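Okay, so subunit A shows up in both of these, paired with subunit B first and subunit C after.
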Partner chain A sequence: MGLGFSFLIACALILGVLLGVEVLGLNYLFAVIIPYLAFGVFFFGFIAKILKWARSPVPFRIPTTCGQQKSLPWIKQNKIDNPSSKAGVVARMALEVLLFRSLFKNTKADLHEGGKLTYQWEKWLWLFGLIFHWSFFLVIVRHLRFFLDPVPGFIRILENVDGFFHVDLQALYLTGFGLLLAVTFLFLRRVVIPQVRYVSLAADYFPLFVLFTIAATGILMRYFSRVDVVAIKELAMGLVTFSPTVPEGISVLFYIHIFMVSTLLAYFPFSKLMHMGGIFMSPTRNMANNNRAERHINPWNPVVEVHTYEAYEDEFREKMAAVGLPLEKELSKDEAAATKA
Partner chain B sequence: MKNRNVIIGLAIFVVLITIPFWYGAGKESKAPELSLDTPAIQALDEKKCIEDTEFMRSNHMELLNDWKVQVVREGNRIYVAEDGKEYLMSLQNTCLECHSNKEEFCDACHDYSGVEPNCWTCHVEPEEVK
Partner chain C sequence: MAKLPKPEELAVINYQPPKTHWMDTPVDFRPGTWIYAGKPESLKTVGLPNPRNWSPEDEDWKLPENWKEILLEGLRDRLDRFRSLRVFMDICVRCGACADKCHFYLGSGDPKNMPVLRAELLRSVYRKDFTTAGKILGRLAGARELTYDVVKEWFYYFYQCTECRRCSVFCPYGIDTAEITMIGRELLNLIGVNVDWVVTPVANCYMKGNHLGIQPHGLVDSFEFLQENIYDITGINIDLSFNRKGAEILYVPPSGDVFADPGTFSLMGQLMLFHEIGLDYTLSTYASEGGNFGLFTSNEMMKRLNAKIYAEAKRLGVKWILGGECGHMWRVIHQYMDTMNGPADFLEVPKSPITGTVFEHAKSTKMIHVVEFTADLIKHNKIKLDPSRNAGLKVTFHDSCNPSRAMGLLEEPRYILKHVCDFYEMPEETIKEKTFCCGGGAGLGSDENMEMRMRGGLPRANAVKYVKEKYGVNMLACVCAIDRATLPPLMEYWVPGVQVCGLHELVGNALVMKGEKERTENLRFEPLGTEDDD
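Coming up: the complex of A and B.
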């Protein structure tokens, strides 16, 4: 259900561009207006979402950890899995964000004959997840060459490294193909594994279709059906300097590419893709486990009236003394005299 | 404490995501004017590239690729263009014969679009020929 639905939406979007650009000639709409709107939605939507999340209260430290916490000096602490200091939290977060450390612990459960349950390491999701995200990131960094003039040196260096392999004369960007490959894997995983398919919704397939289309049109443009890159850079520079122009002769493939990017941007703040910002706000990842070392007071605890033992004894000291109950603070001499009298 | 971290995080996000908008702020960016002012092109009756300009702009790397394959693998050195004209398939002796102002032509365009063909580590640039 979700699969078919997302597929139809993705096809409708592509057809919409073909129709809009090829038949109706709405080039300005697709090359300027929609990208601006999409960027605006992404930019403000992202910030709004983060601020909303930041306002939700996190009263206590939530240590879901898988290592020994800081304890007596002779018990070895797992400083990264169960950090007690800020540095440990930063290290744990960095490893999570850059290497997907918790996904590395992914296991696959199998039921065997006789009701035996086994767990085994399952590294493919981690591997392709990592390839996907890193490729995506590096492709975007490389794309800055369309948006920056002059092109800064580090992008050149990245291009040379990423394009180390050449096919005939042309640099073949590994990350471009890595992206396409990984998206395909992540999609097949959802379709082929029955349990994963069961929990997959339209919102899981849709971003994959969009990303697939972006990567596929990008690769088509670079290696198969050439586009006028200089004209596209003029367009991109026009957008970022707020003096947009739409040069002639840009292939419709590019319009599909940029429209799908716009779709992705506009969809981003309202979807699971917000995990990009959300990861940093995960209470189980971003807090040191120092519950036993420091007192954390729930900020919205109501003020409770308490009657401490001290106050209680002050109130009833004389009566207590009279019946011979033990006191923490003895009666003063005058009081004692008064009681006896 | 928590709020401070959120603000810092968002500030980093905003700065990074808007790089293209502030990187060249105030500067005007223009596609390079390509100079066709070379003796070989001046001498042409009709100022036309091997194939039509549109095609050359987007597909010259494919063309060069075909040339290289033809020459190196098939041993065929003559290219017949769409309009029937014949050219020797050579990077140095054909393309750069006409476009001998490599810096104002090939390089200007490649710098603008951020590509760096590595051809010149083996092939000879026009200046070096002189």
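Coming up: the complex of A and C.
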């Protein structure tokens, strides 16, 4: 259900662009208005979401510890997987965000005859997850060449590295193909593995279709249909300098590309894609395991009813006296007599 | 009580999800897979809402009329109070990395036992009432109405999670299902939906100081019984003191160890050790429970039960607190106690009177784990150990969930084990932070839940079986009172021939005490140095 629905929505969006640009001539809408709106929704939506999360306090310090704690000086602490300092937390978070350290631990369990379980090597999700995110990030960085004039040196260096391989004298950007490949893998995995398919929602397929379209149109434009790059740069510069113009002769492929990017941006703050911000706020990862060394404060620490020692002694005084337990309040004469009897 | 299927039947597990969508697959309250409802008297004792007689099998759960309103308001309130909940509701990408990390999923094949789907049970309701997309798109956005059947489903699956946090190790965002089910249980408690195996221990602990409901004189009797056993085995009459003001240390073990084997043996080992080193400590009858089933009820209940420990330490004027071998107890002590009931500014930073070691890592909470304490003693050569008294035992170690994943107590117990016995490690994927739960933690250890316990315990048992076949392991050591109650039947079911013990039972056996008679029996009154097969 979710798969078909997402696919239809993605197709409808593409058709919408074709119709809007080719038939109705709404070039300005798709090249200027929608990108501006989408960016605004993304920017403010992202911040709003982070603020919403941040408004809820962190009442308890609950890191998931994945290694030896800091305890006795002669026992070697795992300072990254069980950090006790800020530096350790920063290292743990950096490895998590940049290298997906937790996902790297992934295994696949298999049940054999007689209830025997084995745990197999399974790093594909980690590998393709990493390829996807890094490719996407580098593709975005490379795209800054459209928005900056002159193009900074680091982008040129990145382009040279990314485009190290040439075919017919043309640089092939590995990240572009990496993105397409990884998105395809993530999609196939979601469909093929029965358990993952069972838990998948429309919201899991939709961004994959959008990303696929973005990557595919990008590759088509660069290697196959040869769009007017100068015109596109003019448009992009117009957007960032807030003096938008829509040059003639830009391929509809580009309109699909920029519309899908806009869709992704506008969709981002309301979706699971917010894991990008959320990972930084996950209390099981971003807190130090120094629980017994530094007191953590709960801002709403509730006042609760407790059963005091006095109430306890009142209830059991005779029985306590009978077995010689020390008392805060001595037995009354009657009680003492009763106990002796 | 339901008849337990044979191991070979239980080991046939179908991991194929059903044809029907999970939202259209109702819960089947099959006997052996759920726990009896909380008794009304226990709910009344601690003032929990809606005390009544009911059973999960019933059609009508006798919920308050406005149950839906209460749950949704409760959820709203908790979204505002717990960032963990807010973030975990929003960021899951359903990658499925957690799925086969859950022992209940591995043992049952029920897709709602995949941590991702367990969380979706709550997330779907969150989407419906707290997100725009869910409100508009409904099921297309993964949202669903909160119905009576959803409540039943929550009950079934939130009490089919042992809150072991193994999934949170593998989740790329650290989404912690324990956080989800703890809050889920808080919500269910608002309408009086809970299990007796949690609520009655809570009521006992609140009024009498311990989960088992042992009254002060009974507790003294039980300890004296252990004292006599120690005398019979060693010829030494150890000192005991209760509620003694001015003692240097307050020692708080889990109460399970006072009453049931093999926990008693482990407790005896600790008492013998404290006697041998001349530790100035006292037990308390009022704070006679290290464990805290409040953790499985609500954060407020956890605080109410935990408050006794600092209160008693203050009343008795001790310098610091020593805690026994218990799993979830240490999650509470380590991650919650100081925040809830601190600051413990009336105590001093724990310092071993024997070695002089200052336990700086506990400088705020002022409570250390007995395993940390003993490891320090051994490191400084302060006790004499004769591992040959554990000859015949081939020991492996079960890392308990909470000390591993909510603390990181990994090398201390291993250090001790290596000094007292023949120690073999289970496979890497099943130990330390990747350890598998016993299947009965977080209040699920009741007998009527036996099938589910055996299912959930399968991955742990399977790893024990591996080392039994490979090295001839015949003893499974652990540092958790719930383990000591739940692992023996698990071993009997899946890996007959492997016994279970607490870490300090092995220490007690190996401990050479001044003036002891020649030992002929171990702490179980079995002849020393021979293999025991039953």
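Everything below uses one rule, namely that the second predicted complex is superposed on the first by the 301 of 341 C-alpha atoms of A that agree within 3 Å, B and C clash if a C-alpha of one lies under 4 Å from a C-alpha of the other, contacts with A are read in each partner's own complex, and residues count from 1 in each chain.
Going forward, a residue touches a chain if its C-beta (ideal position, glycine included) is under 8 Å from a C-beta of that chain, and two chains touch if they have at least 3 such contacts.
From a predicted model like this one, the values you see are computed outputs, not experimental measurements.
**Q** With both complexes overlaid on chain A, does A:Asp168 touch subunit B (first), subunit C (second), both or neither?
**A** first
**Q** With both complexes superposed on chain A, which partner does A:Glu96 reach: first (subunit B), second (subunit C), both or neither?
**A** Once the two structures are laid over each other on A, A:Glu96 reaches subunit C alone.
**Q** Between subunit B (first) and subunit C (second), which does A:Ser85 come into contact with in this model arrangement: first, second, both, or neither?
**A** neither
**Q** Looking at A:Ser332 after the superposition, I want to know if it touches subunit B, subunit C, both of them or none. Which is it: first, second, both, neither?
**A** So A:Ser332 meets neither subunit B nor subunit C here.
**Q** Tell me which partner A:Arg156 touches in the superposition: subunit B (first), subunit C (second), both or neither.
**A** Only subunit B is touched by A:Arg156; subunit C is not.
**Q** According to the stated criteria, A:Val58 is in contact with first (subunit B), second (subunit C), both, or neither; which is it?
**A** A:Val58: touches subunit B and subunit C.
**Q** Which of the two partners, first being subunit B and second being subunit C, lies in contact with A:Thr245: first, second, both, or neither?
**A** It touches nothing on subunit B or subunit C.
**Q** Comparing subunit B against subunit C, which has contacts with more of the residues in subunit A?
**A** C
**Q** Name the residues of subunit A shared by its contacts with subunit B and its contacts with subunit C.
**A** Residues 54, 58, 281 of subunit A touch both subunit B and subunit C.
**Q** Touching subunit B in the complex: which residues of subunit A?
**A** These residues of subunit A touch subunit B: 43, 46-47, 50-51, 54, 58, 144-151, 155-156, 159-160, 168-170, 226-231, 233-234, 236-237, 240-241, 249, 251, 277, 280-281.
**Q** Inside the complex, what are the residues of subunit A that reach subunit C?
**A** Touch residues, subunit A against subunit C: 1-2, 5, 49, 52-72, 74-76, 78, 81-82, 84, 96, 100, 102-103, 105-109, 111, 114-117, 119, 125, 129, 193-204, 270, 272, 274-275, 278-279, 281-285, 289-298, 300-302, 304-309, 312-313, 315-316, 319-320, 322-323, 325-326.
**Q** Write out the stretch or stretches of subunit B touching subunit A in their complex.
**A** 2-3, 6, 9-10, 13-14, 17, 19-21, 23-25, 27-29, 31, 54, 57-59, 61-62, 64-65, 68-69, 109, 111-117, 119
**Q** Under the touch definition given earlier, write down the residues of subunit C that touch subunit A in their complex.
**A** So the residues of subunit C in touch with subunit A come to 7-8, 10-11, 13, 15-17, 21-22, 47, 79-88, 90-97, 99-101, 106, 111, 114, 116-117, 120, 131-133, 137, 140-142, 165, 168-176, 179, 206-209, 215-217, 220-221, 242-245, 285-286, 299-300, 303-304, 307-308, 311-312, 315, 333-336, 338-340, 342-343, 357, 359-365, 367, 372, 375-376, 379, 404-412, 415, 427, 429-430, 432-434, 458-459, 462, 465, 494.
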